[in-house]
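Next, two complexes with chain A in common: one pairs it with chain B, the other with chain C.
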Partner chain A sequence: MSIFNTLFNYIGQIYTDRLPYFPTNIRVSLLIILFCVITAIELYLYMMVRRAVRSVRSKRMKYWDDYISVLLANMIVFDETDHPHEVVAHFYPKLKKIPLRSKVVNSILVEKILTYHKNFTGKTAEVLSLMYRKLSLDKKAKRKIKNRNWETKIEGIREANEMDLMEMAHLIVEYTDDENALLRMEAQAAYIKLSQSDPFHFLDRAQERILDWHQVVLFEIITKHKKLTIPSFSKWLYSSNDTVVMLCLKLVDHFMQFDAAQEVIKLLKHQNPKIVRKAVEIIGKLELEDAESFMFEIYFNHSEEIKLEILNALGKIASGNYSEFLSSRIYSADVKIKKEALYAIKIDPDHGEEKLRTIYLQTGQENQALIKHVLDDRIR
Partner chain B sequence: MREFLTDFETIFNNAIFYYAVVVMGSYVIFTLLSAIEMNSYMKKNSYVNYREILVSPLAPSVSILAPAYNEEATIIENIRSLLSLHYGNYEVIIINDGSTDHTFQRMFDYYQLEKVDFAVNYQITCNEIKGVYKSKLPSFSKLTIVDKVNGGKSDALNAGINVSGKDLLLCIDVDCIVQEDAILKLAKPYLEEKYQVIATGGVVRIANSCKVEDGKLVEVNMPRNLWPRFQVLEYIRAFLMGRMAWSRLNGLLIISGAMGLFDKNIVIKVGGYDHTTVGEDMELVVRMRRYMYEQDRRFKVVYIPDPLCWTEAPADLQILGRQRNRWTRGTIETLWTHKDLFFNPRYGILGMLSYPYWLFFEWLAPIVEAFGVCVFILLALMGNINWEFSLILLSMVYCFSVMLSTVAIFFEEMSYQQYTKGKDLAKLLLAAFLEPILYHPLTVIWAIQGNVHKFRGKNNWGTMTRKGFKNAEALNSTANTTT
Partner chain C sequence: MSKILIAEDEVLMLKALEFKLKKEGYEVEVASDGRQAMEKVKSNTYDLVLTDIMMPFVGGMEILSYIKNDAIKKHTPVLLISAVGLEHVVLEGFSLGADDFIYKPFNLNELSVRIKRYIKQNVFH
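Up next is the complex of A and B:
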């Protein structure tokens, strides 16, 4: 015990009476020690308390999670002959008893309704929508959308999106060109679903970039949403925002919009190489014979990546107009160009492989190896 | 003489003190930066539905490159695990780097391989590729096996790059346990950054004592052995604090060799992995970065805090020592190769901050520390030590080290909380107290050994024996030697 007393007395002294007499570096060291000890102790306490609180909270959450799940499950499997309004009227008093003022309980209920709504259609989805509104959760979602915090806004937008709160579209459109990329993306995704008159209006006003990731998300929504009326995306191919052009090119490609052919061909002169490459790819997929001469024209001025895409597109069009050009490319110094030209020749379903076999007999060892490779369907 | 020694002691004390304060100051700044970066990442990704990349035709294509050298005990299971990763457009390329055991034969038999007429485009130099094989079974159509003459890990990866047909390269150690959603998470930054992303890396975790079934991690446990436990702490500190902070600054110099996703075009343009260094992972990132600066292209190297890859840490001090020795030599080699970056404004943060930091605080720190200890002992023998002041200085370094480890554990608690059991957390906190006394001195010795070996021209990888994850049977099985 006396050792500890001595130690504590010593520490007490160096931090009080003796501190001013130490050299600067020792004083600073003592302060750093004090800071480190206090920080470490605080962190230990915080971690312990956090674990304890989480344990209690998770038990409480599990209770409410189970309780709400059972209630909603009962509501879903309730007498099928009943009208949705009757089902809601039956279950409303029970759900109303839940302490919705508690943020945790409220978020569990909302999350559950959203999940069930996502997984059910028809009458069940309708019952859930009605109950959602009856519990005034739509008003809460509206307040969330108007909240200053972007994360809360996103929560509200997601709710509106899932619960088909069409009346929120006019609020959401404001955020479709927001500086915050996440908020922007969520708003765009929701707006497509919720706007009944002009779901692609946000593309007209998009000044901010639609990042590749956002394009993936929007592409998924647009291509999977069955009720959406798909417009001709050619009208946005002249947009000054390159990312809008890129997204629309991907959609033109997916929906095989032949009416966009002329606009796509014009994009071969675009200054953004990514757009040129995508335009070439679409020309190939749509087999636009008219574009062959334009592609040939730009071939020698572009990077290897675009050259490869042009060769591929010429192969897909397979008009025969540029077959000599494709054959000449197998004598290029670039192996990738050679290989792509050989693949382009092979694409022709009638004479492709036969032509490759003829070339095989007339060419050198390196090209023969490449032809063997191209003819092997197990590899690319 | 007495006066001289007293003066020397004062200067020595001050020099050590200021060096320590600068190092500690940099750690504090990094801690703050990584806290900001992690917070931003966690917020941003709490809204992400990775399924969208999984099913999207717009997702970038990925080639997984896994070199294998004498991995016959686990190769089948490792490949199966890689083939079951969650991603749409990817291929798995296993490069058999001239194994002397039955690695190739086991793959050949199990996956019913047949040779294909693959015309390899040798865009990067590598040893001769003897053959490229595909499975006859359609269910393994994503698998490609490259059989080549032995040339080491870098050479094997270069061979894989030459065979790869996708946009991105996921270079991994074949014996690592990869999380199923690892590619999704690593690929996402390529789709969302304003500037071109040239490489992404994720957190590597220690899998010792964890439960592994069918090549998948099913239960996370704290290593029973003390040395891997210290490494758990070390990895958490390095990945969750150090690399996240560097990622925030866009000054990251290293993507772990165990797992990293790279832009194939840039890797090819810089000539692939360097065969001559034992620190090929760091060297490649530095070379890619300087290439981008030289091309005046804006870019990012991104680190994500998700635990994506689990690896077996050396439990044996001798093997651990060899690994750290190699890491030190790798650092020296990279710093020497790219010495013109030192405070070179042309290379932005790479030249002005990352390189000098690595030079002064990664390479020099153990040397300064060892020098300090030697001088301290010398002065003590001569009776010229103010023991009270020395003890206070040592206590400061010790307390700071414990605090830093505690902050790292706190980050782990606040983010992914992999160690859910209370006793695991207690073990980790206890390790934070013991590490500066038991483990850190060894890392300094190994770093000094690495320096000595480097300057004596020793340039090999050293044998890395692993026990394997499988089960008790596998624990006693033939040791695997990685390339």
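Up next is the complex of A and C:
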């Protein structure tokens, strides 16, 4: 003890009695050392307090997590003869005891309700929806959607989407054309599901891009949502937003919307080659004979990719109007074009193969090899 | 009392299924990952196995394959739970001998009725 006392007294003396007598550089150094020591002690104390708080909080969260899990599992396992309202009335007082003012506890409860709602149908889902509203969690979701922070907004939109909060559609539509791509995508996906009057209204106002992979997501939602009334997507084929046009073309294609034929044909003159290519692909699938002359018109102005698509479409239409044109493609310098033209001729079930055999007799060795290849049904 | 094994990696779902089946009067054992489930299947005999397809370490298909290739256990009904109804997954499941597929989201009461039916059928084996 005496050693420590001596040491403390010595240090004390340095900083009290002797400090004014040291040269300036020593004084500055001593003060820096003192500052560092105090800071280090404060930091250690801060870390210890934080760890203690975190440990208490995590224990508390673990308690509430278990409590909520058991309570919700019990609520879900209700007797099938019970009415959902009775189940909710029975469990509401217990759930009301949960400190929902705490953001963390609130998010634990919401997360678990969403998980169950996502995985169960029937009365279970109904009970969860009723309880969700009874606990006023829908109002909290609304506040989240209105929050300034975009991540919180997304959280709120996801919640509204999963819990079918139809009344939130008018709030969500605002974000369907937001600058923030993630928020925009989440809002679009939710709006389709939640809007009862006009789920595709967001396409009218879409100025921002609908990213390729989000087009896939939207396509999945639209094509798999059983309760959705599918409109004629031709309405949006004139959109100034190319990504809207592209998405709608994919949907026209999927739902085989013949009423969009004229609009699709007009897209052959579109500036975006991706749109032109998709339009040609749809023309081929829908076998739109009216489009043949337009495709022929644009054929020579486009890239190889579009040329191949046009040849394929002409083959599928198989009207015979452009069979000479298809035959003449065999003299193209591009082998891919030759091959595609030959396959296009072959598609015609009545005269295709016969026509290829005639060409075979009139052409050179290289083309003959290609025709043999095309006529072989084992290859494509 | 019929004995059921539930293998599901989503703890919340596991709890709900456990509660439901216990309430129905079954003896329930749970496994929160595929490895645990496989160990239990190897060392015990169950009247029915309800397993998720996608689980850490060992998948539901492997558990199914083990049960259906075991001379003693092959009559145990195996119900697969899947979040995606992809054709090739369903075909693989049935070709390995799965008795039924349950797609998420599902109706808990309907599941309970199906389980009752499979256990009743299995009594004759």
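The rule we apply is simple: the second predicted complex is superposed on the first by the 267 of 380 C-alpha atoms of A that agree within 3 Å, B and C clash if a C-alpha of one lies under 4 Å from a C-alpha of the other, contacts with A are read in each partner's own complex, and residues count from 1 in each chain.
Here is the rule we use: contacts are C-beta pairs under 8 Å (C-beta built on N, C-alpha and C of every residue); 3 or more make two chains touch, one makes a residue touch a chain.
Worth saying up front: this structure is predicted, and the values here are computed from it rather than measured.
*Asks:* So which one touches more of the residues on chain A, chain B or chain C?
*Replies:* B
*Asks:* Based on the superposed arrangement, let me know which partner A:Leu30 touches: chain B (first), chain C (second), both, or neither?
*Replies:* first
*Asks:* Is A:Ala369 in contact with chain B, with chain C, with both, or with neither (first, second, both, neither)?
*Replies:* A:Ala369: touches chain B, not chain C.
*Asks:* After lining up the shared chain so the two structures overlap, which partner does A:Lys153 touch, if you call chain B first and chain C second: first, second, both or neither?
*Replies:* neither
*Asks:* Pick one for A:Lys142: touches chain B only (first), chain C only (second), both, or neither.
*Replies:* Neither partner.
*Asks:* Touching A:Ala73, do we find chain B (first), chain C (second), both, or neither?
*Replies:* Only chain C; A:Ala73 stays clear of chain B.
*Asks:* Contact-wise, after the overlay, does A:Arg50 reach chain B, chain C, both or neither (first, second, both, neither)?
*Replies:* The first partner, chain B, only.
*Asks:* Looking at A:Arg277 after the superposition, I want to know if it touches chain B, chain C, both of them or none. Which is it: first, second, both, neither?
*Replies:* Once the two structures are laid over each other on A, A:Arg277 reaches no partner at all.
*Asks:* Who does A:Ala125 touch here: chain B (first), chain C (second), both, or neither?
*Replies:* second
*Asks:* Taking the touch rule as given, give the residues of chain B at its contact with chain A in the complex, in rising order.
*Replies:* Result: residues 13-14, 17-18, 21, 24, 43-44, 47, 49, 52-53, 55-56, 58-59, 116-119, 121, 123, 132, 134, 141, 144, 165, 188, 190-194, 389, 392-393, 395-396, 399-400, 402-403, 406-407, 409-410, 413, 422, 425, 429 of chain B touch chain A.
*Asks:* Sort out for me which residues of chain A touch chain C in the complex.
*Replies:* 69-70, 72-74, 76-77, 80, 112, 115-116, 118-125
*Asks:* For a test of understanding, state which residues of chain C touch chain A in their complex under the given definition.
*Replies:* Counting only chain C, the residues touching chain A are 10-13, 15-16, 18-20, 23, 104-110.
*Asks:* Which positions of chain A touch chain B when the two form their complex?
*Replies:* Touching chain B from chain A are residues 14, 23, 25-26, 28-30, 32-33, 35-37, 39-40, 43-44, 46-47, 50-51, 151, 154, 158, 181-182, 186, 209, 211-217, 219-220, 250, 335-336, 339, 366, 369-370, 372-373, 375-376, 378-380.
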